[in-house]
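Next up: the structures, one after another.
One chain, chain A, appears in both complexes that follow, with chain B as partner in the first and chain C in the second.
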Partner chain A sequence: MEAASIPVRRSSRAKRLVQPLAFLGTPTALLLAFFLAPMLVMLGVALDRGLLDGGTGFNLTLTNFTDVISDPLNRKVALTTFEIATAAMLVQLIVAVPLAYVIAFKAGRWQVPILLFLVLADELNPMVRIYAWRMLLGREGLINEGLMSIGIISQPIDALLFSQFAVTVVLSTSYLTYTVIPIYGAMKAIDGNVFEAARDLGAGWWTTTRRVLLPLIAPGIFISLLLVYVPLFTDFASPALVGGTSGYMLGNVVNDYVLEAGDLNRGAAMSIIMLVLSALFALVAYRLARINRLES
Partner chain B sequence: MSPARALGLTGVLVAGIVSLTGCGGSTGTDSVAPPPADPDAAATGTLSVFAYQDSITDELLDPFREANPDLDLKTAGFGSNDEAAAKMAGGFRADVVEACLDEMSAFTDRGLLRPIDPAGIEDWDDLVFRDAEGVRDGSEVLVVPLSAGPQGLIYDADEIRPGEIDSFADLFDPAYAGRVALEADYALPAIAETALTLGIEDPMNLTPDQLDEVTQKLIDNREQFRSLWRSDADVVNLFRSGEIALADGGPGLTERIRDTGVDARWVAPEERPLSWVCGFAITSDAENTDAAYELIDWLASPEAQAIRADDGYVVTNPKAVPLADPAARKTADPKSIADAIPETEPPDYQEWVRAFREFQAQ
Partner chain C sequence: MAGAAAPPAGLGARRPAAAADDPPPPVHRSLGHRIRGRLPGLAGGLLVAFVMLVLFGPVLMLALFSFNDSSIISLPWEGFTTKWYEEAWANGQARDAVANSLIVATVVMVLSVVLGTMAAWGLTRLRFRGRGMVAGLNGAVLVVPWLIIGVAGLIFFSQLQVQLSLTTITLMHLVVTFPLVVAIVSAGLVRFQRSLEEAAIDLGATQLQMLRYVVLPQIGPSIAAASIFAFAWSFNNFEISFFTGGFEQTFPVWVFSILRQSENLPVVNAVSTVIAAAQILAVFAGWALMKRLSKSDDDESLTGLLTGGTR
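This part shows the complex of A and B:
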């Protein structure tokens, strides 16, 4: 009897193991095909010597990576990009946290309309949004004209447009929706009584924000950083259109490698390096935000 | 669904998608494309054209569509030849592509073009620039020159008095600081123009020292430039919004700026303007070479060239000049750029690109 029951149990165990794998297989295959396969193709291009360097067929080399990393120009642009992206991210967090707080705890029945408005604002074509900013910040834009009409300035402020300031402003608003919504989600999970408890214990608004609110919304901030901070490094349309001669960023470098120099190999190498740095950043952010709170 | 069937479906999906991902390489040929046996027969099938937007306007293509009602003409636009070549190398398929003589290597290095038999182009012997550098690779014709233009200076006459601007050096004049834009969609114009302001006589063949000198001048004068323009629409907007009063560009672009109400004027600089020539080529992956020849033949005809003339371009077929609008004839005449400095691809163009990046990264 015992000998006969063993194959049945084995068959049942195998079925239990294979069945979920089989049903997960289709989405996994799609993920592999549409995400991993292009990444592997890009890695292959980055590891190829390339036509520009006289290569024919596939010639394995790390030269593209070493060239990109050792180029002092790229390091300089990376620093500028870091400064602009970090400034834009900070501005967004400074705007997003109070905005998410108002939506989550104060907006009442306006909660959904405000969220809908944020989503709709994000649907606006990015080029239209950038050109709208040019109309606002330009020499003859609404801000300069307004300030001149009330006598605060006598000459237009040129630095409002075609400057790093303009790039920071445009980037800050371009991704605001993706910054607000995860933080809002984290706030909705907070029991409002904790704020009352903090007040009862004598905490002011700043202490409550610092010791209660921010730690509890840390996972939301982490998600925002992942969704927004990383893409900020690769943006090239905003610096190209409002940066003038001072908004050259890493996204523009990749763009120039591929579309101007025709150097797909170094462009791919640069993109892979940025991807790896993004992954490292995500790991650091994970540790800092202690996202395991979500699990608990 | 049984696990076995789900696994099987997964396998089919992976195989299918991976095989699709693997597509895209050029499977083309480098033999001369044969002209149509009957050049008068209407073209049929599908023809894909990849070009600058202003070369595939309805005004220019509608007469061709009407003459070939059974042909499905598909068009797609690009912003630069490097972009076009990168997309084609990545698998984008077209039968005909627009190529400029100063950027031919973007296509030829990747084997993207198929030689053309000039006998298939009725007006070939009338075309000027047919012997220009870049048209041929050895003895084989790769591109039929179809449009040209000078690169000089555009200024807003409401802000700058006519006669004040007469040199590329004016782009660097402190009197216009913060009111100047420089072309930046590719590195060549800005570097060549700056070289001319430094008294360098052959701006297409800079020595490394000269290139360094040009780069340094651009960097030293960075504050001079309000912006860098990357498309026609971009520079039109810069003038219209009052951001700039002076830029580099051509007469066709000046016309577009004037259309927006700005009193833009074009002037040929005393150093001599630069000049560009672009044309259409048949790709190595072309499937409908008969239709490709017929399209290029139409675009080289005096009638089509007259349409380009009215758009502010220099024609390559002089027979088109009398057919053009009288106001456009002077600009359209190929003689108007006879003294210009032809834009040719510098042998060390990668260094030029790097130099221009260095300027932008400051």
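This part shows the complex of A and C:
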């Protein structure tokens, strides 16, 4: 088959140049113009002394980066962001691993409907979801009203909304689909016999989970981390709407620099730092996923 | 409930089969074991129910309260009304925002599917220098957070002194969305047999005829899945619209600004309910379309496609 197609391709050298250009020219040009170019411009702006700092023309400087990093408030927000993102990731993994197991091995004819609903949950507008949670968690929200009406609490719990708790809840529900699906994918690839083998060899469920299941789904977990943990660090709408001052995250800081203070240069520096960190993290997670896949 | 209904696929079903082959140890028949045997299925069902409740409960609540005759969203129930829907319909800002989102998402969907399918074909079927770099560029777009792309877009357009508008939103949405189509359609193209394409060419079909009559029917489900996701990615996109939209509001940006000012909340309820209902319909319609296009009853490979889009 290859032999038949080679002479056709060799027949015109020009075709080999024209075809890739015809299929990929426009898409690639768009990516260069509106993805790569903005990134480079942002890098340039981050390295430039801004108008607010008396810069004229292009003045190469690293002060935007040093300012952003040395600001104690930013460090505090970075720590909060790390805490919230990690908590949300852990909550999701704790739910996702058993859920993926149930879907892959126990759900039977419910498997496809459950997956469809997970996809649907992801398709629902995130702003609608955030808004719905705000309604539930508020001081006069349904959870407080409900708990008060059955007499469990006498005062509404204020900490439900505008807190790290609220951001963690909203973020966990926003990304759950992306956490479950890769782990489910890894589970589907497992031959169910290994569990039986483990049981026959005398392993209890905990040993089976730790020594058989977790190693086999490790690549899926790393993909989940890649897809969810990184975006969690940059989320901006959830902390802005349900976080209050205690649930302030790095995305809000970027927004404050860029839109509130109009300081494009420091906003750009902050974005570049977040981009580099997320790229490093993504690279590590990707490598780990690959290595684990090769081993298993 | 889910586990109990499971046909042979599950582990739970395998246990009794194994027990039937071996000489059955009498301990397995004890009541304690029988209850414990049922527990995993029950726990699984409860877990699924809990997750569904957390994922959809809040939105259902929101829909319910959009019919409540009260300007604040809380109990007690003040009676059924549709006045928030009338107010929402009369609200110019709400209508503009939804219309903007629909226009942008439709344009982005159509262009993304065309560009993405072209690029997927080029990347999977053609050999040329720089292929790895082009593929890498497509992949990079998918992992860079939207917040950062939005900020970069804002800075880029402001440096070029381009007025922010629906056009800038659309361009930025397009650039982050079509690589997703590339990923989904590439996966479809890699899966099916190339020999059919070569047979078509050997039988004298032109490249275009081959694409039209051989390739398109085979990757139909992938393209349907990609369309659903492309529309949703653009329609739901908040960060990029927020930073590159200037004074133009899309639906998510409108909700965000209303929530920031904490006003007009029941109207948001009504609009959100309509949007959520439309999205639910769209997903199930898309699913039905994919099933039709694929002409097979293999639900699992289709869910694979659909879930592949969430990556």
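In this section, the second predicted complex is superposed on the first by the 248 of 296 C-alpha atoms of A that agree within 3 Å, B and C clash if a C-alpha of one lies under 4 Å from a C-alpha of the other, contacts with A are read in each partner's own complex, and residues count from 1 in each chain.
What we mean here is this: a residue touches a chain if its C-beta (ideal position, glycine included) is under 8 Å from a C-beta of that chain, and two chains touch if they have at least 3 such contacts.
Worth saying up front: this structure is predicted, and the values here are computed from it rather than measured.
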{"item": "Chain B versus chain C as contact partner of A:264, first or second or both or neither", "value": "both"}
{"item": "Which of chain B and chain C A:19 touches, first, second, both or neither", "value": "both"}
{"item": "Comparing the two partners chain B and chain C, which touches a greater set of residues in chain A", "value": "C"}
{"item": "Partner chain(s) touched by A:256 [first = chain B, second = chain C, both, neither]", "value": "first"}
{"item": "Touching partner for A:157 - first (chain B), second (chain C), both, neither", "value": "neither"}
{"item": "Which superposed partner A:190 touches (first chain B, second chain C, both, neither)", "value": "neither"}
{"item": "Contacts of A:30 with chain B and chain C, given as first, second, both or neither", "value": "both"}
{"item": "First, second, both or neither for A:134, with chain B first and chain C second", "value": "both"}
{"item": "Touched partner set for A:41, first chain B, second chain C, both or neither", "value": "both"}
{"item": "Touching partner for A:277 - first (chain B), second (chain C), both, neither", "value": "neither"}
{"item": "Chain B and chain C contact sites that coincide on chain A, given as residue numbers", "value": "19, 23, 26, 28, 30, 32, 34, 37-38, 41, 131, 134-135, 138, 140-141, 240-241, 258-259, 264"}
{"item": "Residue ranges of chain A in contact with chain B within the complex", "value": "15, 18-19, 22-23, 25-26, 28-30, 32-34, 37-38, 41, 51-52, 73, 76-77, 80, 131, 134-135, 138-141, 158, 161-162, 240-241, 244-246, 248, 252-253, 256, 258-264"}
{"item": "Chain B residues within the chain A interface of the complex", "value": "1, 3-4, 6-7, 9-10, 13-14, 17-18, 21, 79-80, 82-83, 85-86, 89-90, 106, 109-110, 178, 186-187, 222-223, 225-228, 230, 234, 237, 241-243, 350, 353-354, 357-362"}
{"item": "Residues of chain C touching chain A in the complex", "value": "2-3, 5-7, 9-12, 14, 18, 40-41, 44, 47-48, 51-52, 54-56, 58-59, 61-62, 65, 72-75, 115-116, 118-119, 121-123, 126-128, 131, 134, 137-138, 140-141, 143-149, 151-156, 158-159, 171-172, 174-176, 178-179, 182, 195, 198, 201-202, 228, 232, 235-236, 238-239, 243, 251-252, 255-256, 259-260, 268, 272, 275-276, 279-280, 282-284, 287, 299-300, 303, 306-307, 309-311"}
{"item": "Touching residues on chain A, where the partner in the complex is chain C", "value": "1, 4-5, 8, 16-17, 19-20, 23-24, 26-28, 30-32, 34-39, 41-42, 45, 95, 98-99, 101-103, 105-112, 114-136, 138, 140-142, 145-146, 149, 173, 176-178, 181-182, 184-185, 192, 195-196, 223, 226-227, 230-231, 233-237, 240-241, 251, 254, 258-259, 264, 267-268, 271, 274-275, 278-279, 282"}
